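Labels for the chains are A, B, C and D, by order of writing; each one numbers its residues from 1.
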Amino acid sequence: MIIVLKPGSTQSDIDYVSEKLHEKGLKVHVSKGEERTIIGAIGDERILREASLAAYPAVEKILPILKPFKLASRDFQRENSRVQIGDLTIGDDEVRIMAGPCSVETREGLLQVARAVKAAGGTFLRGGAFKPRSSPYAFQGLGEEGLKYLAEAREETGLYVITELMDPRDTELVYRYADIIQIGARNMSNFTLLKEVGRVDKPVLLKRGLSATVKELLMSAEYILHEGNRKVILCERGVRTFETETRNTLDLSAVPLVKDMSHLPIVVDPSHGVGRSDLVSPMCLAAVAAGADGLLIEIHENPEEALCDGPQSLRLSEFAELMVRVKSLIEALGRKL
Amino acid sequence: MIIVLKPGSTQSDIDYVSEKLHEKGLKVHVSKGEERTIIGAIGDERILREASLAAYPAVEKILPILKPFKLASRDFQRENSRVQIGDLTIGDDEVRIMAGPCSVETREGLLQVARAVKAAGGTFLRGGAFKPRSSPYAFQGLGEEGLKYLAEAREETGLYVITELMDPRDTELVYRYADIIQIGARNMSNFTLLKEVGRVDKPVLLKRGLSATVKELLMSAEYILHEGNRKVILCERGVRTFETETRNTLDLSAVPLVKDMSHLPIVVDPSHGVGRSDLVSPMCLAAVAAGADGLLIEIHENPEEALCDGPQSLRLSEFAELMVRVKSLIEALGRKL
Amino acid sequence: MIIVLKPGSTQSDIDYVSEKLHEKGLKVHVSKGEERTIIGAIGDERILREASLAAYPAVEKILPILKPFKLASRDFQRENSRVQIGDLTIGDDEVRIMAGPCSVETREGLLQVARAVKAAGGTFLRGGAFKPRSSPYAFQGLGEEGLKYLAEAREETGLYVITELMDPRDTELVYRYADIIQIGARNMSNFTLLKEVGRVDKPVLLKRGLSATVKELLMSAEYILHEGNRKVILCERGVRTFETETRNTLDLSAVPLVKDMSHLPIVVDPSHGVGRSDLVSPMCLAAVAAGADGLLIEIHENPEEALCDGPQSLRLSEFAELMVRVKSLIEALGRKL
Amino acid sequence: MIIVLKPGSTQSDIDYVSEKLHEKGLKVHVSKGEERTIIGAIGDERILREASLAAYPAVEKILPILKPFKLASRDFQRENSRVQIGDLTIGDDEVRIMAGPCSVETREGLLQVARAVKAAGGTFLRGGAFKPRSSPYAFQGLGEEGLKYLAEAREETGLYVITELMDPRDTELVYRYADIIQIGARNMSNFTLLKEVGRVDKPVLLKRGLSATVKELLMSAEYILHEGNRKVILCERGVRTFETETRNTLDLSAVPLVKDMSHLPIVVDPSHGVGRSDLVSPMCLAAVAAGADGLLIEIHENPEEALCDGPQSLRLSEFAELMVRVKSLIEALGRKL
């Protein structure tokens, strides 16, 4: 960590800061330039983040050298993490297709969708039983009934189930039905919930928050890892910008960036990223080309009647067509479905 | 609600959409322009948000006419809401000062701060016992012990206590100690938590999310109001932008904007808004001039030693000086402390 | 255009607005709902944008129905625009590769780069002779000398030249040397410059501004088209967000979005989009998969010595490797180089 | 400047970087921590920005210590700059009121507005003769005719004139009529134009770009200062965010931030900041309380008929009322009009 002092700082300022660093067990190196004095603190600077040294009047700024997360870091683990779900791995050569409706609405609709996912080569069925909705007047999900329909669809098709957990008090319930527990974008910084899923032994798919940097996404992953659960899958789903034609701005550079900074796998959700079904297919292709470990796609048997996110849901026929193109792209890139 | 059809739409497209609107009990008006056909839906369009009409291929866009929230709206209640806490009101002529440390750390420190708040004319003591921290390695708060210190400080000084709730399972506990329950920015869209505090009878201070529009803030308030709790106080605390010199960008225009759109009171937290103690005082003055119903200010008896947010905390002497200036400003504006 | 009146508006408010619309030659339709009265204006609403009807106190909001641009719109021209440069077209099945240094620095370096571009299958040489630099102390480009080097490289390799125009007074000079005139992101709203290049008969590559929506990009294109120059190529190069690990956030959804809204071709500049050479290659692949008509890539014979944008420039060997992968991707997508 | 090397860097990497620094005349200090090696470069690091050292594969990141601007910096000049215009100063105790229409439209209208500005205690008349408009179909300003009306209004009222320059070829023309030359937000990074006004001897009001950081605003000011013109006044006018209820998000924290980083005066333009006349007055008060050196306010004799920015223009009566409140606030703050 580098501490830059303001111009005009005195020896006593230098001594004060140095002493504080020594107290924390760090080695100190002072370097006086023409315009600024800088103090280098050598050792594990994460201890120092606790200290509020920046509040000291003579301190101009503090420049961290190390990343603020450990377990999620590529420094900590060089090789890619591979998350095992039944007989499948995420984080390997394969690109995993996870598709389904925004929310589970009817038993028949869900089964119809599940069969379409299976037929097209998908391996995961997504669908929310608990839905975070910005309006209290909107459909909030079927709850356990929805989870049961998911389980039934898994039974029939062999697809694995991914579904969202919103309330820490539902952890056990969702755990019982899900193969991957999803933490939604709005809950990326719900540290209570992160700790909760850090204590279970099922994979967690952690979505990037609407205005979270990749570093913050990795800090949230660190919460889960730190509690003991090492099965974390990240998900890029668009960030909030000034652009209003799309629901969010899908940041595909997050894919190679995460691969550089971390060993964790990352999938992409273009449906939430763009929020318009006509843009979903090109962005699915782009996500695969960018190196994503999987795609999370919203599809619906009848988008005009969907209780949630109809405008961004692909029809089953559109999904089938997309999958043909996805497959040929995956092959061209030397990867597998 | 206005439904704009794509160029080239047919009569059967118009009929399809009209029928869907009729089914929902809405009156329909079709208007054919030279370049576009538009369909007006007259009635309570909030019903329609449930429908995914925008997924219909012939629909170009949907323009809502009404606001998506009701109870929080100025249309619903013309006069300002006044929230009563003991003998104080928020939302009236007075500007309420809420000050204290980011997190409750020691009993002695907290008492020292509380006395300074009281002496300077403040009426609320803020301080977190449960802290949402972006790093799992950072201090997470004292828990119930912190709440007890707050209660003791209230006992001694007569200040009211405002403190954050993070976990729905702690609602009863926090309820017991707090006079105002704070929902932090990171939890503005934690609908589970919003519903929880919607069912208690204590005032709730709801902070604007890092990338939430004012409309979304009001939608979150609607969750609380809809559950039955009408004592909601909003809080502007800065939004995330590309600017890196400040922690966030404090959006003071949210104050008159909220007053236009809603009847709910709004306070401002310049400490989180700027994240640098040297900018806090001018922004406190600006917030009052913009019409805020109160200020939420982080102060600390020794910011260099703070376990949380030291760099943005005012020293007790700085706070005392600021309060002198705040008072004279409040008077000049014809308001009261 | 839909004009929404505030609750409590009177008949005289309705009459006032209606009269203003009639004056402009628009047909008027009034519709009274339970909560709001709305007034529909039928006709060419672009005339109305001139009027400041929204300033009338009884007006709550104005909802445009039509797009604010004409010539750039897909409504105006259904089929894709194809921009011809010599024997090449942009906007067709081919994906055009435009590569070169950020700024032209030395004759030898440029020639070396040009040969590498040619060898790898590229068809355009990029390079700035006039450079917009955020610091006045940074290298500002070689000026006409740089243009001469570009012309020499074209002579030798047969590559076409794309280079930036910054000053309207340099239009004739740049025109003489360039095959495509580039308008940089910082000048997307420099309307003086847009009008200038609207009057020449060479293709213009217009980069999206740092915080411009796609609609605004198309409005800027409209300036050029409106002056008579129909050879406009758009360029996505990343927008500014809160993310700090990348220089900008590359918005690849702009590619299919532009294709939906407009008939103009669009290329992608991943180098500026991410600002880090290690992320450029995956984003090139993703851009092609998203449907881009070309790639604009910064490469340098010795990035460590580059006077501009070294950290985001690919080495010549990295570029050659990338091109192999790009080619196989293009084939898999059924397109051509 | 601190250069952080990647983990696993070798002695030859350290030597390479050190040599490059030595070549530039910088002193070098190497410090090996447990996880990272860092290299400190002591001397004027602005030289180094030219070098693209970050492109070297072993370099993880580069942390600048010094600010990238000199002449605009508070380090360079401790005391506030005071810009003299006739008998007035900007940057002193006084708060200067600059008001007028967005664009000069008619002689009579402008004179009426000028008299209202004068009567209310304003000292500057604003008004555009050349207007940057996002649509080519919108009113583009009266050109020299508008400048003549401004001069006539100055003649009659004694107000000083502030007006925008868009085209470097109009510099002499605008210079002849203006007392302050305005560079609009869209031209903040039009370096051609900045150099041009850097060579004249009249004050320049430089507006912050839509997505410019305060540091970048100061870099643009540096361009003007570096050419020799030291009479620079900065202007905060809102930045672009995701909020859609306001035109921009007015960043009032920029006022104390500029005062900390620079010696230059800063005024605030709340009209463009919020884009809605009903929010302008509270934001004017807030801007003064935040410490602004002046206000730039759009007013119009008949906003409904304005050819530009009607919805954000105050009526003359609203402006007069606002000025009464501004005056009493200025007094309470111990400043002067």
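Keep in mind that, in the parts below, contacts are C-beta pairs under 8 Å (C-beta built on N, C-alpha and C of every residue); 3 or more make two chains touch, one makes a residue touch a chain.
Everything numeric in this text was worked out from a predicted model, so none of it was measured.
K.L.:
In how few steps can one go from chain B to chain D if every step must land on a touching chain?
P.N.:
1
K.L.:
Just grab the chain with the largest centre-to-centre distance to chain B, centres being mean Cα coordinates.
P.N.:
C
K.L.:
With chain centres defined as C-alpha means, what is the inter-centre distance between chain A and chain B in Å?
P.N.:
Roughly 26 Å, centre to centre.
K.L.:
Could you give the separation in Å between the centres of chain A and chain D, each centre being the mean of its C-alpha atoms?
P.N.:
Distance between chain centres: 38 Å.
K.L.:
With chain centres defined as C-alpha means, what is the inter-centre distance between chain A and chain C in Å?
P.N.:
31
K.L.:
Which positions in chain D touch two or more other chains at once?
P.N.:
211, 240-242, 244
K.L.:
Give every residue of chain C touching chain A within the complex, in rising order.
P.N.:
Within the complex, chain C contacts chain A at residues 211, 213-215, 239, 241-246, 249-253, 255-257, 260-261, 273-274, 278-279, 282-283, 285-291, 328-329, 331-333.
K.L.:
Can you list the chain C residues touching chain D in their complex?
P.N.:
Chain C reaches chain D through residues 20, 46, 49-56, 68-69, 132-139, 166-169, 186-187, 189-192, 210-211, 216, 219-220, 222-223, 226-227, 240, 277, 303-311, 313.
K.L.:
Could you list, by residue number, the parts of chain D that touch chain A in their complex?
P.N.:
2, 4, 7, 29, 31, 33-36, 38, 40, 42-44, 63, 65-66, 75, 240-242, 244
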